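Read through the structure below, which is laid out as structure tokens, and then see the notes.
By written order: A, B, C, D, E and F. Residues from 1 in each chain.
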Amino acid sequence: MRPSGRAPDEMRAIDIITNFTKHAEGSVLVCFGDTKVLVTASVEERIPPFLKGKGEGWVTAEYSMLPRATHTRGSREAAKGKQTGRTQEIQRLIGRSLRAVTDMKKLGERQITLDCDVIQADGGTRTAAISGAWVALRLAINTLMAQGKVTEDPLTRKVAAVSCGIANGVPVLDLDYIEDSSADADANFVLIEGGHIAEVQATAEGATYDEEGLLRLLRLARIGCDRIFAAQAKAVAG
Amino acid sequence: MRPSGRAPDEMRAIDIITNFTKHAEGSVLVCFGDTKVLVTASVEERIPPFLKGKGEGWVTAEYSMLPRATHTRGSREAAKGKQTGRTQEIQRLIGRSLRAVTDMKKLGERQITLDCDVIQADGGTRTAAISGAWVALRLAINTLMAQGKVTEDPLTRKVAAVSCGIANGVPVLDLDYIEDSSADADANFVLIEGGHIAEVQATAEGATYDEEGLLRLLRLARIGCDRIFAAQAKAVAG
Amino acid sequence: MRPSGRAPDEMRAIDIITNFTKHAEGSVLVCFGDTKVLVTASVEERIPPFLKGKGEGWVTAEYSMLPRATHTRGSREAAKGKQTGRTQEIQRLIGRSLRAVTDMKKLGERQITLDCDVIQADGGTRTAAISGAWVALRLAINTLMAQGKVTEDPLTRKVAAVSCGIANGVPVLDLDYIEDSSADADANFVLIEGGHIAEVQATAEGATYDEEGLLRLLRLARIGCDRIFAAQAKAVAG
Amino acid sequence: MRPSGRAPDEMRAIDIITNFTKHAEGSVLVCFGDTKVLVTASVEERIPPFLKGKGEGWVTAEYSMLPRATHTRGSREAAKGKQTGRTQEIQRLIGRSLRAVTDMKKLGERQITLDCDVIQADGGTRTAAISGAWVALRLAINTLMAQGKVTEDPLTRKVAAVSCGIANGVPVLDLDYIEDSSADADANFVLIEGGHIAEVQATAEGATYDEEGLLRLLRLARIGCDRIFAAQAKAVAG
Amino acid sequence: MRPSGRAPDEMRAIDIITNFTKHAEGSVLVCFGDTKVLVTASVEERIPPFLKGKGEGWVTAEYSMLPRATHTRGSREAAKGKQTGRTQEIQRLIGRSLRAVTDMKKLGERQITLDCDVIQADGGTRTAAISGAWVALRLAINTLMAQGKVTEDPLTRKVAAVSCGIANGVPVLDLDYIEDSSADADANFVLIEGGHIAEVQATAEGATYDEEGLLRLLRLARIGCDRIFAAQAKAVAG
Amino acid sequence: MRPSGRAPDEMRAIDIITNFTKHAEGSVLVCFGDTKVLVTASVEERIPPFLKGKGEGWVTAEYSMLPRATHTRGSREAAKGKQTGRTQEIQRLIGRSLRAVTDMKKLGERQITLDCDVIQADGGTRTAAISGAWVALRLAINTLMAQGKVTEDPLTRKVAAVSCGIANGVPVLDLDYIEDSSADADANFVLIEGGHIAEVQATAEGATYDEEGLLRLLRLARIGCDRIFAAQAKAVAG
């Protein structure tokens, strides 16, 4: 039995509120249960130096946890003067995940930055961020297409992410904080609609996987991402 | 006529949603019109070094603007590796304002940090932050008193803040972004319930005040803060 | 009775030594009693990026306290690798104060930086800095006009600053360190010759003001600034 | 045909030179073909603050690329004043991988730091680093056991790592720089002797995996790690 | 003929004004011609960690150039967030020079920091700083001895420094800025009263020395330091 | 008798292995006994801003000690976020030494960076670095000349460096770590083939030199550098 009473292959409630803030070209509050992440997509008509003259755009991400998003207050990165390794690892993952489904030629010479700020954390902040970032990016690109700045859709596939783990010997989907703290293993999967894998980040400090274990987690991830793809579709249609 | 259609002495709608996040001892989302600031109050059983052995507590604040809280994206302070002068100025002001109404002996040897993160900006973020921070602090102290850790109330007076300015020659209350951008002068008042002034920060890059002008702004600030005190009382009463 | 034996509306001795150093376009050592600040005005034929193409100049300031300007040694900001919030707050105030009296169109596309380095501190370093900076700026602009680089005087009004406070219940002018340490309230006024207010920064951690108290401090500030305007005029006439 | 002429499941030459430097408790130069990493294991009789009083030790890692380890010179992180996200991601991975096979209770209250400095890079620096770090750690623990400071062996299993990828549609083992630059997908596997998975980090910016693809890469990784385990055994015996 | 009209072995006017500021235990303004450096000696009853339990004291130095001490404004190190290599090199040299004449056992467990801030630069700022720092240190130690905190004099020898160089083929003493800019070689000598050498830092980017050239510069340095020793004695005698 | 059994004027074994790494235009591992430094010379077709338009090139150096190059582990500068004063002092010395023998006009508008990374330290790392850097620079310039990018040799003289000191009252050449730790004085000489001095850095925290002492150290340095010049010639010919 899971602490939350959920079945092993059961996601938490997914809630994606679009247009949560008014200035960004795309903006959502994405909730996986009590994990709440504000994602904004900002379009800027400039590109990073390494892309000069290639006729391509760029999608990047920044991630941050508000100091009291967690049980005890963490120190503010801006006050300490640097981002932690964890923060950088996560924002690089988010950026790669979204770039995996974006056609940079079709986007054209502009940059979209996905700012993912965790308002409240209860496990799975990076997977919620990726899943919400797709919606924010979708909204921003819809705006660009409505303005005629982009003519062919650069974002034809959805991407979503979910964490899976082995808790008390049982593979489970979408760990919350309590499960995550005591789980033997923790894997984040980033999947693309249609069955492809964009990223796997599977870590076992305590326990270890074998091939069969990895596959069982991957299958749970498919179930979870299908739920998220449906929520994304509804949010965009919304 | 003001761009918003408000009368010169009319505040924007004030909304203070308590318990907006679940981990902090006190948490509010405070809205002055479209300006939205998340404030959390975090209690820690430790004090800064300069207070060691004095039997007193401390109240401090940190402030940040999410990168896309504004019309165009600003760079993230954590990524740049330092806080701007503006950020530091504002967080110092918030801290002083709340300390002005807190009895540090009664609080005892603990620190309360008020994290003010601007979700959406439309003028007056520092005044909304101070006004909301009082509610978050009140909630945190209520918790400490309910737990018996604090026995005498260290927070017997309310504090609130509002900006005033001179727009098109007319003194006006609670400037939004459009008014603020074109105002001749800008003054932030931090007032304590019962008629006292905690802070005045009046700046005139373009125009200048005279004594009468300053008093007219101060009187508008009293009207605004009375409105905020009422909203604070209602929010705490819940 | 004040610790210094001064009357409540009595300034400390004001001394403004021009051309204290030889390289800067304008340079003064300004003393308010034992508070001594070296201010240099440096003209550079470049402007900050946000002014490109506007045909305007810029005036900005930097402030620093030498490590042993104070009773006990403070750590050196350059060695720590960052400026404190207090430093940034003060240098922003100095810059705004001088910009309030400078016509940027007449200055033309150049930047003048006012470096204010506190040699010895005894209260009121920021107000002495602003008052001295006006003289340094005046000297630098005189040089530009003598060189024919500037044809119409961009600096037709004086600006000066002074601190006032309530000590032992009595409003007093130009607090020195001893008074400042025990004062109930502390207010810095930046005034423009002719009766206008450029900035008010009034803070009350311990006590609070009411409207009447604020006005009494403002009236003391007028007395003090008139003394400073006279000293500035004499220094420039020098 | 691979650019190097290797078969798809063929590793580059593995060379592990022990005691490459003389001061460290464990030291190796590990070479995977032209990729050369110097790894030192440093024992310190102190533990990080979060382990105080738990009776446990800690294993951590730091990673760096010499500026001219690569085709073109990269800027030195010490000169820029911060480590890149890539560096932090890699050193966190190395640390977790070695902790996965170390019994911290048996290690006792001491810390071992694995410094991995890339002398020459030709693809797979992180996997070479992990594989070499195990040998350096083994040597350092041998020293501690010989000194009687550690009585029960905390390191009873080997860990090794290798990269796999899909190049021209074919899954291949141990990519060198040329293959890595053009590969459709890139996956790093950290495996524990006996068949368990410690970490999987599979990324697909260009292409994507499916379940079968992931399994094929995992099977190649098993072949590669078996080769590395043999080289580690020989180096330690050596 | 030298630009200043001085003879090759002629120092600039040396002026050492004691008690230039009032808070420091020792304070001087030292002038070598137009080079003016404010040096304060601050006594703190604490020692750096590496001296814990050795019963010894420490003498250290910090150096800074005010932004407009020079012909054109240099950027402020505190604003840039780091000290230049030149600054660090100089402050390390000053510290070593003063430590060379201080008996740390007799000083006892306390630290004296010599802050050297260049008010105006015209060549030779580091040598003026060392020469003035000896006087500030002497004054601070006199205070400690008068207070009975130090009983045996830890500073029985004087130390002074001067720069020499080869200008237009002629060895010259105490270069000012104009000479320094065009000199073929530049050497700083730190000498101890009685004929000993504490430090030599001789650099030749353009030209090179031979043994005879080095000796001729050293002999000039002796002449210069004898002048400085006399000025130091007179300054302390008051 | 020296701890190493060497005669007072005897160098340690000098070993200069060329082409130690494959990407750099010049690369050597230079060993003075157990001191081992990897030096790479990187050619970049760009120049620093202050040389724009002068038709000249630039040679610069960076220096770093691997954390466990020493007896106990030192912290990594990249992780701390800044280079120590010692590091900056050394890399500035290396750069100046190599520039002293390079004709920047003949080099043309390009920059060569000499990265000196200490693999193992046993005294004299900076002098080994300078001596090895000359070989790396020579190899890089040979490459440029072979490519026809440089037509006249900009490097016609050798430069080498060695440390000397006074140990137990005896002047000795090329101190290793044990001697260096207990030596009364320490001097680094950078000499140019043919008898010229490029740099002298002589420091005496404990003891002091007189003129005769300095000359005796200089004469030892000549003996040592002659040995190094021979080793450099052999390495380049090799």
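As a working rule, a contact is a pair of C-beta atoms (placed from the backbone, for glycine too) under 8 Å apart; a residue touches a chain by one contact, two chains touch by 3 or more.
Just so we're on the same page, UniProt names per chain: A, B, C, D, E, F = Ribonuclease PH.
Small disclaimer: the values here were computed from a predicted structure and weren't measured.
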#### Entry: Lowest number of touching-chain links that must be crossed from chain B to chain D
2
### Message
So if I look at the partners of chain A and the partners of chain C, which chains show up in both lists?
### Response
B
### Summary
Greatest Cα-centre separation from chain B belongs to chain F
### Query
Roughly how far is chain B from chain E, going centre to centre by Cα mean, in whole Å?
50
### Task
Go ahead and note the Å separation of the Cα centroids belonging to chain C and chain D.
59
### Message
Roughly how far is chain D from chain F, centre to centre by C-alpha average, rounded to an integer in Å?
### Response
33
### Where chain C touches two or more other chains at once, by residue number
81-82
### Message
Could you spell out the chains in ring order, with the walk beginning at chain D and its first step landing on chain F?
### Response
D, F, E, C, B, A
### Task
Spell out the residues on chain C that touch chain B in their complex, using ranges where they run on.
82, 85-86, 88-89, 91-92, 96, 99-100, 187, 192, 195-205, 208-211, 213-215, 218
### Residue numbers on chain B that touch chain A, as the complex places them
21-24, 27, 34, 36, 38, 40, 42, 44, 62, 64, 66-73, 76-79, 81-83, 87, 113, 115, 117, 119-121
